[in-house]
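Order of writing sets the labels: A, B, C and D. Residues in every chain begin at 1.
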Amino acid sequence: MYAVHQDLFGETDLKFSGELNDNIDVLFLCLGHGESKKFLEQNKIADNIKIIDLANDFRLTLQSEIGKRKFIYGLPELNVEKIKSAQNIANPGCFATAIQLGLLPLAKAGLLNDVYTTGITGSTGAGQSLSTSSHFSWRANNIQAYKTLTHQHLGEIGESLLQLQPGSDIDLSFVPWRGDFTRGIFVSSTLRCDMELSELYPLFENFYTGHPFTHVSRDPIFLKQVVNTNKAVIQLEKAGSKLVVHSAIDNLLKGASGQAVQNMNLLFGLEETAGLILKANYF
Amino acid sequence: MYAVHQDLFGETDLKFSGELNDNIDVLFLCLGHGESKKFLEQNKIADNIKIIDLANDFRLTLQSEIGKRKFIYGLPELNVEKIKSAQNIANPGCFATAIQLGLLPLAKAGLLNDVYTTGITGSTGAGQSLSTSSHFSWRANNIQAYKTLTHQHLGEIGESLLQLQPGSDIDLSFVPWRGDFTRGIFVSSTLRCDMELSELYPLFENFYTGHPFTHVSRDPIFLKQVVNTNKAVIQLEKAGSKLVVHSAIDNLLKGASGQAVQNMNLLFGLEETAGLILKANYF
Amino acid sequence: MYAVHQDLFGETDLKFSGELNDNIDVLFLCLGHGESKKFLEQNKIADNIKIIDLANDFRLTLQSEIGKRKFIYGLPELNVEKIKSAQNIANPGCFATAIQLGLLPLAKAGLLNDVYTTGITGSTGAGQSLSTSSHFSWRANNIQAYKTLTHQHLGEIGESLLQLQPGSDIDLSFVPWRGDFTRGIFVSSTLRCDMELSELYPLFENFYTGHPFTHVSRDPIFLKQVVNTNKAVIQLEKAGSKLVVHSAIDNLLKGASGQAVQNMNLLFGLEETAGLILKANYF
Amino acid sequence: MYAVHQDLFGETDLKFSGELNDNIDVLFLCLGHGESKKFLEQNKIADNIKIIDLANDFRLTLQSEIGKRKFIYGLPELNVEKIKSAQNIANPGCFATAIQLGLLPLAKAGLLNDVYTTGITGSTGAGQSLSTSSHFSWRANNIQAYKTLTHQHLGEIGESLLQLQPGSDIDLSFVPWRGDFTRGIFVSSTLRCDMELSELYPLFENFYTGHPFTHVSRDPIFLKQVVNTNKAVIQLEKAGSKLVVHSAIDNLLKGASGQAVQNMNLLFGLEETAGLILKANYF
């Protein structure tokens, strides 16, 4: 594995294998979007093996089944009980996780209407493939919008918000930006809200009680509080009739593989934080 | 000057002086906010000397006079004719310039209502003073919101928008972010708008005809197109009923000293671009 | 502690205390250079309490004693047996660690003579204090030499090299650079050497056998292999009669607090890697 | 040209052409290394057209001729008179320029013997092609050595040093590093030298008298003094018998296209600084 993950030099003798082994408890699918479905069509996976898919193939309700397998949307802060009894997990997208964690308590309180969100993501959000916008000479010291109002995570976000605030007419305008850093997502969502912070903070804190990775902060948050961890941090600010919710996660951990491990822990009745107690890169 | 501006090593023998010289045509005030007013109260400046103030002391209409001096808000794309015949200029703020350039054509067309803006700025926006958030170890690879919904430029932005769309009820929610780069401002403003891009682009292009530094792009813009220049670039995107306007400037040039020189050129009937034809740091 | 270490938000309820507690096993001194000696002169520490000093107060042989306490230079790859039976540890400097790990096997083989070393360090090497060279606007995208040929770690490096190659005339010219990143040290040392890589690699590998954090690589190493870990990686290259040894560490871990914990583990007979199995920030 | 050089948006209507036009005064060849020779073999260029080649095809004496064309090594600080009367110029390499400018005055004084040089270069030094080490996720916050002791510029450096210190036995050990920034080269060369700084500084200053871009600094230099300019800055430091020469250039300007324009100015009897008075990116 060292040839691929050179940061593991001296740490492991594990080897990658091209063969499927039936003697496993759980299968993580880390394929490109659309490839998980193909993989499951082409490979027979024993029924007792649990699957955690990191692609977006099974996240939406209407696409969540293949054969006898039914996938549960694996955002523990939304679906923790369903996850504990699930067989298959559709692991959420990175921006989807950051945005939802900032909005779910408001949805549960029926407070969402029009939401305006801007988010910034590191270069690892675009994967390892080489492209103009992943070239260091281009990306260093640069900022650019992309997929304005059309990001592919809007679907899964919408389903989750409607799950908590059914029948409502929530309109989420999302502008994603490419940032000049490697890791992390920082999101600010603005909306009309008449409640005061003194009411809103308890609403958020209550919602996240019992969820070990999501923390509500009354101090200004910043991205590096969460980079290299599975944590999400959330901060609220108000002026006049407008509420702004800031949220931050590490796109590779809480936004991808860390949340996948969190889901595995829940699937198997392990401590939810097992293997995920990590120190943030404050510096 | 080399001791202060070490990048000018080998370029200049100019020396700073602590004394005021009356034999000048123009006086640039580059003091902290609130200091320009004090300076003009404490120092007698000959009436024939034109003043360009880079602080925010005289930007708002109700604060634009001191003694016999009346200051004109120096955004050439808004006030070019007034600037040409002015004696004193209040040079706009950096975020104010970037946001206004994205919204002025819409204001002139009467299209503004609720606007949701997020902007990101480099570390030079905070000046040379040392602070926790200007320490390299903190700021590198980091993002943080600050002055959420309360940024001090909202006043001057509001006056300009109302100048073009009088009597309207424009509500601008602005979330500024600290970016992990040194120079430049990138802004995305989202609002409801029923016009199509095919109508909006000509509206913007017509508005900026004759303004040599502000360019409307139909390709995706990015921050480094403008860093080290006095340019502004603007891009429009639409989905459904929502319009997003992206705009970018260099906070130190179009957002400060470059625009001050542009204003000087206009004050003295020089070519507007004199001294300001600069190559962007694409890399 | 969260007010100081904001990256620990949600992780700990520990509180800092201004009082000394005698009911401890080990005391880490993380004071400025010169302050540890003063602290021990002014405070009575019970004899049974072990001390690990992270400053440079007791690193040199002639300065390694205070009262009845004798400090051992805490580079495990050099002094592991002495450390195991020590009462007090002088934890090595960050550049000193990186440079020594690249040179110790050569010293033991009697191969050192004139050595030419260049090293680059992140901004955390300069601590949290604010200074011109720690300002983000200055340090971003910048490189500068400092303390050329006079770095304060040359003394401790010299003592260690002479410990393994006694009586020799080793002349180490060291040029340190400030890098535009926050964490890590990368060092290249060049010297005359007639041995081939096929002999040198085993010499290094044998020297570091049994030392769990120091790894000799036959592939090109890079800084991010070690950032966020207590590891050191070392690579050798040769052309003609010249040998170049590259070495890299995280200045905050193997170069400071990580090595201090490693020393504590050795002092108390714990597993040497306890608490130090950390994942590198490859991204 | 905007489609390729997006930083020129709004600046130019120039178009690239795939055709050779004989009605030109000078031809800049900006092809890959080895491609210039092929191009001149395959294309007939009128004898009166001057050629400036930015590749390494004609830099070495034994490779400096093709047909009737003889190329002069275009380092103005070394060959200014030859360049003024030349027809064809081989523009120096970027590292070669930075290293030579730090060593030429010493070579002229016959002081060079063994030299140990480390240099760091930005990502633009590797061109626009995509590769693992040019991916932002890899290069951000990273450092790596490459082409240790074998960099392709050693040949041209060696010829220049011998031109000024003929018959000597100069041994240059050069360790290049990849830096985590886009532009610029910083080099430190260490060697034995018995002269004092009080003698060495005048030696350098005299050597560079009349050369408008190369400046000798008695203050600490840093990379951003030269980025975005055609300047070179040089600083000397001594301790004991060792001299360290620091030098810095922008690899894209003094290290490539800027020096090519400087050479064009000399070829055509223009002011040497024409088109090259540029402001450094201090921030």
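Here is the rule we go by: contacts are C-beta pairs under 8 Å (C-beta built on N, C-alpha and C of every residue); 3 or more make two chains touch, one makes a residue touch a chain.
Quick caveat, the model's predicted, so the values are computed rather than measured.
> Between chain D and chain C, is it the same set of residue numbers doing the touching on each side, over half shared, or a different set?
At the contact between chain C and chain D, which are copies of one sequence, the residues are largely the same (over half shared).
> Which chain has its C-alpha centre farthest away from the C-alpha centre of chain A?
Farthest chain from chain A, going by C-alpha centroids: D.
> Write down the chain pair with more C-beta contact pairs when A-B is set against B-D.
Ranking A-B and B-D by C-beta contacts puts A-B first.
> Could you work out how far the Cα centre of chain A sits from that of chain D, in whole Å?
One centre to the other, that is 47 Å.
> Just the number, please: Cα centre separation of chain B and chain D in whole Å.
One centre to the other, that is 37 Å.
> So which stretches of chain A touch two or more other chains?
122, 124, 137-138, 140-141, 180-183, 222, 224, 281, 283
> Chain A touches which residues of chain B in the complex?
These residues of chain B touch chain A: 116, 118, 120, 137-138, 141-146, 148-150, 173, 175, 177, 179-184, 186, 188, 190, 220-224, 227, 235, 237-240, 242, 244, 246, 248, 281, 283.
> Looking at the complex, which residues from chain B come into contact with chain D?
Within the complex, chain B contacts chain D at residues 5-10, 122, 124, 140-141, 182-183, 215, 217, 219, 222, 224-225, 228, 231, 233, 252, 278-283.
> Show which residues of chain A lie in contact with chain D when the two form their complex.
Per the touch definition, chain A meets chain D at residues 122-124, 128, 130-131, 134-141, 180-182.
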